Structure formats: structure tokens, C-alpha cells
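Multiple structures follow.
Look at the two complexes coming up: chain A is in both, with chain B in one and chain C in the other.
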Partner chain A sequence: MGETILQVKNLCTVLDLSSGTVPVVNDVSFDVGVGETLGIVGESGSGKSMTALSIMQVLPKPIGRIASGQILLEGTDLVGMSNQQMGQIRGREIGMILQDPHTSLNPVFTVGNQVIEALEINNPGTARKTLRAHAIDALKKVNVADAERRIDAYPHQMSGGMKQRVVGAIAIAGAPKVIIADEPTTALDVTIQLQYLQLLRDIQDETGTAIIFITHDLGIVANLCHRLVVMYGGKIVESGTVADVFGAPSHPYTEALLKSVPSVDQKLDRLYAIDGQPPALISDRVGCSFAPRCPYALDICRNQVPQESDALSGAKSHRASCWNMERTT
Partner chain B sequence: MMAPPILEVSDLTRHFTIPHGLLGRQEHIVRAVDKVGFSLEHGQTLALVGESGCGKTTLARMLLKLLTPTSGTVKIEGKDVGTMSKAEIRQFRTNVQAVFQDPWASLSPRMRVFDIVAETLVINDNLTKGELTRRVDEALIAVGLRPDQAKNYPHEFSGGQRQRVAIASAIIAKPKLIILDEPVSALDVSIRSQIMNLFKDLQDDVGCSYVIVAHDLGTTRFMADRIAVMYLGKLVEIGPTDDMFDAPCHPYTQALLSAALPLRVGKAHEAIVLRGEVPSPVNPPTGCPFHPRCQSVLGEICKTSPPAPKELGSQNHIMSCHIDV
Partner chain C sequence: MGFFVMSQKLKFMGHLPVLPIVVLMIVLIVPALFADLIAPHDPYKAYLRNRLEPPLFFGGTTEFILGTDRLGRDILSRIMHGARYALVISLVGIVLGAIVGTALGLIAGYMRGRIEALIMRIVDITFALPSILLALALASISGPSFQLVIFVVIFVIWGFFARQVRAETLILRERDFVARARVAGASDFRILHKYILPNLVNTIVVLATLQIGVVIVLEATLSFLGIGIPRPVPAWGLLVADGRQLIVSSWWISFFPGMAILLTVLSVNMLGDSLRDWLDPKLKQV
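Here is the complex of A and B:
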């Protein structure tokens, strides 16, 4: 892959709740290169969406804030930038696609209006007519059939898959260097999901944009991403290339996740189940956050936070945070 | 004589009319479910799959007698649901239960777990307080909750636990058939396998049958003995799970099942990417409703004549398509 475009270094994001300050993203570091797709995998409460919101600096106000760390876009730190400065980044440098296409478009404007608005911000002063032509091109690029007519449609006149394509058109309107896609296909049907993933791949091939793909679906990661990070309880527990992590899952949580997904290739009698519940947000956790559910947990796991170390595949880029990677119990 | 199957559906049809035009004087007809027929044996699981808008949920609601069919019949153990007497309907309401997708919406926030779980029994059986408590405790234990949690309210539980409460209330009356409408899609990945194993265990213990509506194909393969694929209100293929996954016959089934992304890295995934989207059910295509998107369309015949269902090898595997297999 190409050179690093976005680098997140030791990011800590907290929520100031009435019950206390709670870390939701805890010392998270990763990077993504030109033309690369990075998957962020985790379940609800793992901090994957909060990581995305931190990069865009659109954390829930007033409770969310970045406590420490750096977010380097081509070497420039985004943390501490004013809202006005971030306005230049959002859409133009980093685009975002959210989960639910039904709520991410404004129902009282035509989709053309919304694509044109995104184009206008990036090309101020351009004639409306030119922008409209550009918008039609953008809609064609995301495979909206009959774009000349559909540009005047309102969101409610479109299906979910079509709307998500429009959201994609808005996201790429500013030719961003990085696209953050937060579960963009969760609300879509499987056949439409396939079309959409193909679309993202095509956009990437053409423009070389880096994609950060947030999902809980390991099937998508296996088929779309080059590298992945697995998050649990606000921390990255494992990271590496897709081949290394799927081939030699080193954190017990990654291993369990891979085992618990029902296979479409064969019929199983029983699924592997992870006991217990995902961790709640608490401020004073000691030890590994997966320890209460981990079949391999040792005493040290409950008392001391594990450090990141080389993972089982032996590859340089494959890292995991586990005290008991050799599974001695 | 063999006992009648737990569920027998024949020519089941449900049309909805949508007001249209000035002052809504004209009407459009949506054929949400159109001449669907299948049967389900005791202790078996049938999965209904298809894209949104294909009529899965409408069909499930008719099985639950929450919607009246426009025509056709639903028979439970040989008894027509449409012509039941009041007493029989009561019996039906205990015999057929449902678990819905969203455990945040399906449990009353103002009722304690005990009352939620016991409700079916309170309405239908005349039990003593002690007997009722014993049955509720049994149901809670069966779904992996503790009897002392019966005094709690739904908001005190996590999503997975709430779904367990919903399942407890579905199984307490020892139903013969449970309709599961996307029972795990609202749950976290690590919780889904717990709940799916629970469904399997309950089936082994009490021998109930399931009709499961699911869009996740891995879930379907794990849960179902047979799969019914729907497209625009029509049943396009039905057959045993392994046959359907290993050798799907209908072009739509092939495309739908190939859209599942396997957990394999390296080898490129060969999927059939369908053109376009599901057409509007208000104005479905002529002939075979799938022909505008079909990757193996034959020609004029697909556009003009709707394909009739035909048996493939065994009577268990039926599809509606003009192609020869």
C-alpha cells in the first residue's frame, strides 16, 4: 500500500457523564495508507464509532471530548483545531458515510440539492448549472440509474440502497483523501450490500482514497479490507493484515468472534458462544476488559492491563494485547 | 394415517390496496403475498428468506392470525385457522407463539418480567399462584435467566437478556409452533450465537417447530431444515437447507446465496452481483417477476408467462422458473 495518509496516535476520548468521566476510546493507535482499506471491528460499546467521531471531531456535545492523543492527516494534527479549521477538513479531506441512509439525508431537499451543496462547498463560486452537471456525474459514478431524472427526486422517493448511493456521492463530492464508512451496509439487503461494497472498491481503485470501514461483520472485512483492528471495551485488542489475523487470531476475543459466526459454507450443530455480556462503560477498570468472559483468563489478566506484543502469526505488523497468547489454561 | 403436518399453507394470498390519484379514489393493489404454499413437519425449522419488501413479514403475520388472508388457507395440525371457533382460537393463541426482532420494543416497559412471561398462562389457563410461579421459574431457567430476575423490569436487562425474556414468554405455554421474526439481528455478534444455540436446545427439549424470518444467511443455514426463498410476494424456490446452499437452482436463489460473504481470506469471492433493485410491488414486472434482474433469463417466455412451480428430483425441492435443471 501507499504512504500513510492518516495516523491516529494514542487517542483517548472520554465522555463526561454525571456519574463520572468515562473513557470510550482508550489509547488507540492505527494508521491507514493511500489506496488502503482498514477495517475497524467491534460490537456496540467497543468504541469503534466513537473513534470515527473523534477523527471528524463531531463527538456528542457537550459530554464528549478528546482527552489526549494525536490525529495526523498527512502529518498535520487535527486535535485542537478550531471548528472553522475542521470545516475545511470535513468533506474535503475526510468524507463520511453513516449507517442509516434514511436519516443521513435531509427529507425536505431534493437529493440533487444536497449533492450540489457538497460540491459548492468544495468549489465556491461555480455556476449553479455547472454544479448540476457535476452532481449528475457524481450520481452516475455511484451507479444511480437515470441520474438526470433522479437528481430532482426527494429522499423519500428512493429506496434505501439508492439513498446510500446518494450519501456516497456526497461523501466523494469533495474528492476526500480518506473516507470513513460507519456500518454503511447494515441497513441494506444482502444483494444491495454486495453492489455497494463493489462500488466502494471501484471508487478506491479510481481515486486511491483510503477507506476506514467500521463494521461488526467479519465477512465484509475478509472480503473488502486489507488490514483490520479489533476493538473491545474501548481498546484495540488485536491488529494486523486480514490474512494474518484470520489465519492466526491471537486475542481470545478475535478467536471467539471468528468462531461464533454461523458459517454459510456448512451446517453446524452448535455455535461457539462467548459467555456473558460486552463490558459496560466504567471508569476504573483494572486488568484486561475481556477477562470476565475469557476462557483462558489467568490471575494476571484480572489485575494488570496487557501490553501489546507480537502476535501468533509472527508477522511484524500483527500485534495483540493478551497475557495468555499461548493459551496455557 | 399420518398425523397432519404442524403447518400447512396453500395458495396463501394477501393484497393491500393503496389509495391513489385525486382524493384517493383510485386504488393500487399490492400483492404482498401471492399464492404461496408450503408445509412444515413437527420439530422442523423453515426459514423464509428474501429481500425487504418480498412479503416475508406479511406471511409471518398471517401465520400468526394477525392479518387475514385475501385468499388461501393456513392450517395448523390440519385445522383451518380462518374458520376456527372462539375456543379453538384460544387454543391457537397458546399453540402458536412469536419472538420479534427488537427486544426493546416487544416488552412492555411497565410490566415486571414475571407478568410478561406469565401473561399467556394467566389469560388461557386457570392456574394457582404457586403453579404459575413454578412455571415462570421453569421458563426463565430454560432460557438461562435466574428465577429471582422475575421481579425486575425490562430496562434492567441488556439486549440479549431481554430477548431471553421474550423467548421465555413465548415458550411458557409449551407452544407447538414459534414464529421467529429476525430474532437475533438486533443483538450483538457475540450474543447472537448464545441465542441461536438456545433456540436449538429448546427445540431438542420440547420438540417445537420454528418458522424463522431472517436476512442473515449464516443464521439461516445454522437454524433451518428447509429454506423458502421469496421474491416480490412469490415463493420462487423451497427445499432442504443443504441442497439450497450447495446447489441452488433458481437464478434468484443463486444470486441471493452468493451474496453471503464467507469468512475466508485470499480467494476472491465469486458473487453474482444482481443488476438494479427489487421492483415496486405495486407494479411488478410481467411474466416472471425476477426477469428484469435475472442473470440467466431465457428470452420472451420469461417476460410473458409466469413460471409454474415444478418439482426438482424430490417433492421436497420445488422452484418456479422456466429454465431446465
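Here is the complex of A and C:
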């Protein structure tokens, strides 16, 4: 792992709804280094996508805004940059791959047109012919078979896996230093998922980009990521290397997530599921937001927010926020 | 793509509304383009000896097939020349109205916030304001003119475009491919121009077709009231107005120009409906 490229410090993002201000990302801090893959794990509504949108500063207008915190890209704070300045960052410094390839491409233009457009944004003034050649190269790089011909296809003529490759080609067109992948394989079927993950790994090996991989699939995290952060209710509840976290899950939520992944070696009548619902972010609950669903909850959990501390594995980078890591009940 | 488009085209050809197209060609388009060549008489020339000649089969002659007005001008020739004004006004007015409405609708739907509220309230106001009254007021200030008619047409139709375009922009701007363009570093202008506008083309074309009928009636109304294109230009509405006092004795003066308006608007609307069903079934309720 090289030096830190992107550092998020105490990020708080809120949505201003008519019913009140909702903190969707609450005091989140993490960093990612050159050539490193960081997994962000959590269930729907845990704030992982909102974290990604905050980094790109494309929060839903006009309700979303970053309330406080810093997003440092190679030491430069992105928070407070104008939309125009962010336009220079998006695509060139930080690329993003969205979840659903079927809707991420403009239906009225050919895929080549869209790859060329991304290249053009990053290298204005280049001749159309050169751009086309570059686009074919870019499509080859993401393993689009028969790229010379496919470049003139429309999105609806391609399969989901192919489209997601094109989206990948667009994301890496500006040679970004960081790629944020927001559940890029969720809409693909399993065999294509594996191919796509391998592709991301190849791109990373070749270019050394940092990848922030957002998912709820722990299998992918184990496979692809070096480190992970687990989010719950807009907060990071546990973070550490994949080996440490999987070896000694210290937050009951992480433990429960790992338990709910079915294993081929075990015979199960019923799949494990975490009881209850994710927390409503607007409620003024005191204490740990996981307490109502936690089997180990103590009195203190319901009254006081747990502080981040060293986790069970004892590794320096492994941190968790739980009052009851020793599981006394 | 080739095959897909071809098959779609063939499908449309199968449903092509032949009758409205033929009627439109005969009543509007061919006369508008070739009136100078095919009109039997000069539309302004008064054959004073043949005043109020009835049409053929009603006691008239082949000389004046649709009869003559009280100055002895040939009604058929006047209708043919009038088609040109109907066509030019509807095309120019709709193109300009569509440009204004689309631009403001895009801005409203994309920018949101106060600008959106302002633009949409202006749309509400233009819908609430009686356009004929406005035209009368303006005509009394500046006198009737071609520019005035175009202005009133734009005023009446831009709101339809602004409303529809805004509504669809609201949907399109939340689509993933727009989000993807934004995270790829596309500017707002690029997003509007490359991602939202191309996806609106069908809607705009259909809406424009459906407005042609409205505009032709509006133009005829304005000229009927004498605030359209000034005399002696043979605009259809003026021709209808010419026969108003003689409607009992010489019905043909008003009847044939009225038929021209009726047939044109009817055919344009039927054509617009089939175009809409083909291109944009979402617009069914418009």
C-alpha cells in the first residue's frame, strides 16, 4: 500500500427535508492509499452511497449538503470547492462507476460516442479520429470483445455485463487516481460479477488507482479489498484490514453480517437474518444506534454513544465502536 | 440499429394515416408552395362584371369554380394564396414558440428552485391571460402586422412546450445516465445539450405537430377580427370575415375558406395523433 491519496475526515452530510434535517453521513473518517482497495460495507440506508456522493459532491439538489468535515485529495480539500472546480476533479481525479449499467448510458447515442465524449472532456481539442482510436483502445482495455465493431452499438444492443464494461471504460477514460465503485456488480449475474471484479483488479494493477468499493456483499469484500469499513446508520462502526475484521469481528453488527452469509460447508435450515429494521436516521435516539437490534446490548448502550477503540484482534488499524466487545451478556 | 429503425419505420408506414396526408397536400401544402402557378386567377384582381358569382354546380361556371366575392375576386385563387400565410405563420410561430418554451422548460426543470417557480408562474399567467384580448390591445397600439401575429402565436404556445419539457427534464435529470455524466465531469451545459435535450426530441416534435391546428385556428381568428395580417392579403380568417354580411345570400364566400380551415386543422390533428401514438405514447393525455 502506497501513500494516502484520498482522506475523508469527520465527514457529516445532511439532507434538509421538510420534516427536519437528517444526518445521513455522521462523522465518517477513512483514507485510501495508492493501489489500495477499500470496501465500504453496510445494508441499504447505512449511508455508504451518500458517502460516495459526498466525495463527488453530486448530492441530491437542493436538499443534500455537506455540513462539516474535510475530503482531502492529495492534501487538497474538496469541500467548499465550486461546482466548476469540482468539474475538473470529477472524471479526471476521481472516477465513479454506478450500480445499474442498464440505466447509466444515454440511450440515444452509441456507446462509442459516450466513451469518446468522456475522453474529450479530459483532453479537449483532440481530433475526433484520434479520440475514436483511443476509445477503441479503452474498450479493449475493459475486455469488450470486437471493440472496433461494438463501438458503434447502441446501449440497448448490449448485455448488462458489456454495458458495465463500457461504464468502466468511461470511468477510467480520465485516468483517475481514485475510482469509486458503487455496487457495480449488483445488477450483473454471478459469473459476470467475477469477471468484472477481475477486470477492476487488472486495471488497478496496471494503473495503481485506489478503489473505493461500495457493496453489501461480504464475499466480494473478502475477494477484492485490502481494508474495509462497516457502516451502520450513517456511522462507521468498525474498520480494519479484511483479515482482522473477518478474523475477529468486534462490532455485533459486523458479526451479524458475517453470520448472515450462507456457507457451503454448513447445513442450515434457515438463513440467518438480523432482526429489526435499520434505524430511522431522524429519530433523536441516545446511545448506540444498533442497540435495539443488538443481542449483546447493555444499559450503557442505550444511553451513551460508544467511542471508537481498539478492537478484538488487537491490530493497530482495527477499530470498532462498541461498549460490549467482550460480549458479557 | 439499422434493422431496428427500418422495422419501426415500416410499422409506421403500415399505420400511416393516408387520408389526412392527402387532404393536407391538397388544401395546404401544394397551394402554399405553388399558388402562383396553379391558381386560376390573380387573387387581388377584381372581375367587377362577375361579382358574387356562385360556385360551379350552384349556377356558376368553370371560370370561377368556387365562385367570387363581392368585388369579383376568385375565391379559389384567394384560398390558394391564403394557404401560404397559414403555413408560414404556423411554421415560424411554432418553431419560435418551441424554441422559447423548450429553453425555458429546460432551465426550469434543471435548475429547480426559484428560477423554476418564476418560469412556471409566468406560464400560468400566460395561460390565464386571454390571448385574443392581448392581441386586440397590442393591435390597437401598434396596428395589425405580421410580427404581431407571430408574437401572439409564440405567447399562446410556448407555455405548452415549457410545461411538458420541464416535466420530462425533472425525470431525465434524475436518471442514472445523467448522474454518470456528472461524475464523469460533464458540465451543466453539456448535460443539458447532450443528455437531456436529445431525449426530449420525440416529445417536442409531437407537441409541435399537435400545436399546428391550434395556431392555424388562432391565426384565422386574429385575421377574422381584423388584427391578423393586414388586408388585402387573403388570409383565411379574413376571407371568412369578408362573407359575413352576405352569408345568407352568398354563402360560398365564407363557406369555402371555412372548409379550408376545417380540413387543414382536422387533418393536422389526425396526423399529430398518429405521430404521437408512434413516437411517444406517454403523451396520450395531452
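Methods note: the second predicted complex is superposed on the first by the 322 of 329 C-alpha atoms of A that agree within 3 Å, B and C clash if a C-alpha of one lies under 4 Å from a C-alpha of the other, contacts with A are read in each partner's own complex, and residues count from 1 in each chain.
One rule holds for everything that comes next: a contact is a pair of C-beta atoms (placed from the backbone, for glycine too) under 8 Å apart; a residue touches a chain by one contact, two chains touch by 3 or more.
Note that the structure is predicted; figures quoted are calculated from it, not measured.
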item	value
Partners on chain A (chain B, chain C) - clash or fit	fit
Chain B versus chain C as contact partner of A:Thr103, first or second or both or neither	second
Touching partner for A:Arg92 - first (chain B), second (chain C), both, neither	second
Which superposed partner A:Gln157 touches (first chain B, second chain C, both, neither)	second
Contacts of A:Asp265 with chain B and chain C, given as first, second, both or neither	first
Most chain A residues touched (candidates chain B, chain C)	B
Vertex chain A; arms to chain B and chain C (CA centroids, nearest 10 degrees)	80
CA minimum distance (chain B, chain C), superposed complexes, angstrom	5
Touching both chain C and chain B, counted on chain A across the two superposed complexes	none
Residues of chain B touching chain A in the complex	51-52, 158, 160-161, 188-194, 196-197, 200, 215-219, 221-222, 241-242, 245, 255-257, 259-266, 269, 271, 273-274, 276-278
Chain C residues touching chain A - in the complex, by the definition given at the top	1, 112-113, 175-177, 179-188, 190, 194-195, 198-199, 201
Chain C contact footprint on chain A (complex, rising order)	56, 58, 61-62, 83-84, 87-92, 95-96, 98-100, 103-109, 117-118, 121-122, 153-154, 157, 167, 170-171, 173-174
List of chain A residues in touch with chain B within their complex	43-44, 145, 159-162, 189-195, 198, 216-220, 222-223, 242-243, 246-247, 256-258, 260-268, 270-275, 277-278
